[in-house]
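Sharing a structure with you now.
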């Protein structure tokens, strides 16, 4: 099924191709300017650090729904190994095998394509079996250190967790922005909380996977209008799932990654942050969330920290 | 060969066991207090962000010298896969296998033990084949967001790169601190630059591995006296290698990780940072370098960023 | 809970320690003598080859019940890669990550220990994190080319599949031997069919895992009396599961691997073989089932073939 | 550089497309008929079993020359783990990550393509990132149990090891066949010994890799004329390397795999077999060498055994 006209109309309205030059691989991360970084550092008040990454473990969020996206398998290759003989200093060492997007992660701009194109018009064949993404790989992403804003949609709705399938609207974002008491501005990284992760934290991976609340087709314009640098949330699929329009799969991915050139994050744990922001009465903070530079990666685990 | 008396004397002088309670798993990361974090944020002047991680790739720094510490093997599991039929949004996805300490990383407090003990007296058997580190794993580390100070020992020596085998002394650190124009203080993360990474950047992994300059047995006291939170450098082994005292392997690891409970980092790329600090005329900055929370991990890749 | 007296009594009766010398690592594979091999080759009549391995795939038999025993993750590292320029011969290449005992496999003699000992009295510490099994690893196993005998217990019971939990008795084996029309003898590899694999073949991994029919505590003596070289079956756990005696886990493993020094195989697909043997009216054949020589492996995938 | 006319002429002469029907995925393994298997079993005389697989280990034959073809990384996930409480039976378990063609292996018919085609005219796009080889994968290969014939070219030359770069000619094969005292016939699996593996066995991986003796462009016709089922040898690259004709890379691969539909094997250890055949004065035997059925695999490790 071809993409519908509605999608193409939206695509045209949020498109950033060429905006930062024909060779740009950063997309909206260009919006994190030195001024933005300085202002972000200046938001720090209490010095409280809130980590947003899920533990990386075999018992992670992947339930097998996505082929090949394996939970981290951690194995030891040395345990208290006295490399240099009995009584000497002993070494432990380990390895991991995992899907780069298995846990708390950023999607790289090469995670999805549509109509044969990635961001900035790069052709689909830049992703190769041998070298992965030969352009727009996650190692090209700029360091993510900027102002973060929590849009706590669940709290703004007065609920612990949005219902499965709830497609977050621009009006939902407006309400959460009002709760936040700040205006989302250029270069911000927006964290959208649904509460869906509570399913996983309670031990139910299948309920976490789907049906899931998530961003609706109408939200990319909201982010585009404000020149947001990146968006992350606390769900497996990021957008409402199953999809809002039957047969139109992952349209928000396509709008963010391909049209806007904007990183998006999934499986971020926003529960403690929700509490911290409510306690401190402010929802803007310094956010550090730099991707691991996997060469050719179409995504990367990330260990984000909000500094309040 | 048992550890010599000299080692045990040093161990006693830098020991932090019990300092933060008998159950503490944070060690010197306790020194990154909210006040320290606030002050760190306030160091930001130019808003320039300098990434310190090496690219994660098959052609990484591991040359086979350390058994089982494999360079990242990145493989694709989907390329422009039209999951939902022809013409739909297409997905690319990938996996990695790697040693947790293969590239730019933090050693967890469980990376080394000596005399059957880890930090705070935990017994060696807390690291298990089945679950990895059941205490003191890298997932227990607090978020690393603090003031970073670059001690550019190579530059202070007036050289691009310290010679292989050079054991950095407290006097070297003093000289670099003077060059830095700041005083190292409690909660700082100290980055010690030797220039050794230039070998790897020039394509010579074997020369990078050894002989290598690195921290000497005399430096842990220097860090201990200043209550440093963590130390990282730009070498494979961290300490001078081959070792200063024949048969005494990895003593600095043992002092930092076991006695002090202090994270240490290796394979950090400090070249661009060296230039940036020299250009801006200051060597203190906001450092973000939070470990990926691998459950049971004895180390973790990290993507540190200095914000000047 | 310590092992009960009943177990220790059985252990004493089937014990082979020292039988082939104090340094022996082959165990009952010693029973496959050149004469046995010659006789095995002479059993070939029709020349029909029946493969007994399950396909190796992400959607394999492991359902997560056994921590770390991951189904094969197959990933491409090159696809039609024209290594030497456009128009040249193109190469595809791939990698796998898997549990060595994830699919159709042999347990090595180091797969289980009890009371701190492996076969022939080797101490538990011969299995190390750094090197795996430093003795009794799967790479020490002799080539398995011998006479195979199918004991089709399900068919002898007149059923397609034994009920979950059915503990196969010596009398069950006698009946299947009678159906087979041959006498099990020294050096034979015995394949015991329960039909349990049909659950997996029908798509139900959980039903396959447990409750499962399997060998009972009383069968090791039967195999020992006949000097069988190895035993395999078509279940995940090999022995009746949940166990026959509450709290006595994996006693058959301990008797076979530790006391007898006898390889055992799991997840063997005996369905086609059952049909073939019934069609040809004979249940003895040439069996080839040599383990992959993973150095230090406590098991190995195997691709067994029955040649009728 | 396009493939030269000489290659296309050879291709036409050895082509088997359509010979076993348009949908065939077995290629020359069709030649192993029940009669061939029966005759193969009848070659067994002494009952001596000679294993031909190299140990699977981190220190394997791959020296990094082939990107992504990683040596086996074996890691423990459980060591003497008393799953069910202290004093119970203890379990050890492990995993591996490896290139499917890293060690002793078979190339699947999908390992190489040329001019956009695989065996039997299948298009290049049957190999996909998501599913691997969706046709002609190694799991489609029939069990390899047939007559093996050792063509000991090194011995026939009166040397321990052919010189690097030596391209084996049809005349070399004739001489080795005469030494063997048997005539290669339909369905045989031919093992060609160069002695090159001695470099690896002596600890020199780089010398083993190249320059290497191997099969010349003129030998596929020799195998085709005799209707050989498969060919394996004791080198990394299989064919003479660097190539005989500058710029013509892997032509023998293309002729065997694409044109003939014939499996080929590399890194087989033929040293002990050479001695055994010389001692017994015969070079034909029962060979068992069935691939592990990796679904979608473009190759597979194999543990071949010659039974004399």
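Which chain is which? They are A, B, C and D, in the order written, and residues in each are numbered from 1.
Methods note: a contact is a pair of C-beta atoms (placed from the backbone, for glycine too) under 8 Å apart; a residue touches a chain by one contact, two chains touch by 3 or more.
These numbers come from a predicted model, not from an experiment.
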{"item": "Chain D and chain B - chains in contact with each", "value": "A, C"}
{"item": "Steps needed, at fewest, to go from chain C to chain D via touching chains", "value": "1"}
{"item": "Same or different residue numbers at the chain A/chain D copy interface, by half rule", "value": "same"}
{"item": "Length of the line joining the C-alpha centres of chain A and chain C, rounded to whole Å", "value": "45"}
{"item": "CA centroid of chain A to CA centroid of chain B, Å", "value": "26"}
{"item": "In chain A, residues with contacts to at least two other chains", "value": "67-68, 70, 73, 75-79, 92, 95, 97, 128-130"}
{"item": "Chain B to chain D touching residues, read off their complex", "value": "58, 67-68, 70, 73, 75-79, 81, 92, 97, 128-130"}
{"item": "Residues of chain B touching chain A in the complex", "value": "1-3, 33-38, 41-42, 44-51, 53-57, 66-70, 72, 74, 76-80, 83-85, 87-101, 110-114, 124, 127-129, 132-133, 139, 142-143, 145, 247, 249-251, 253-254, 286, 288, 290-299, 301-303, 305, 307"}
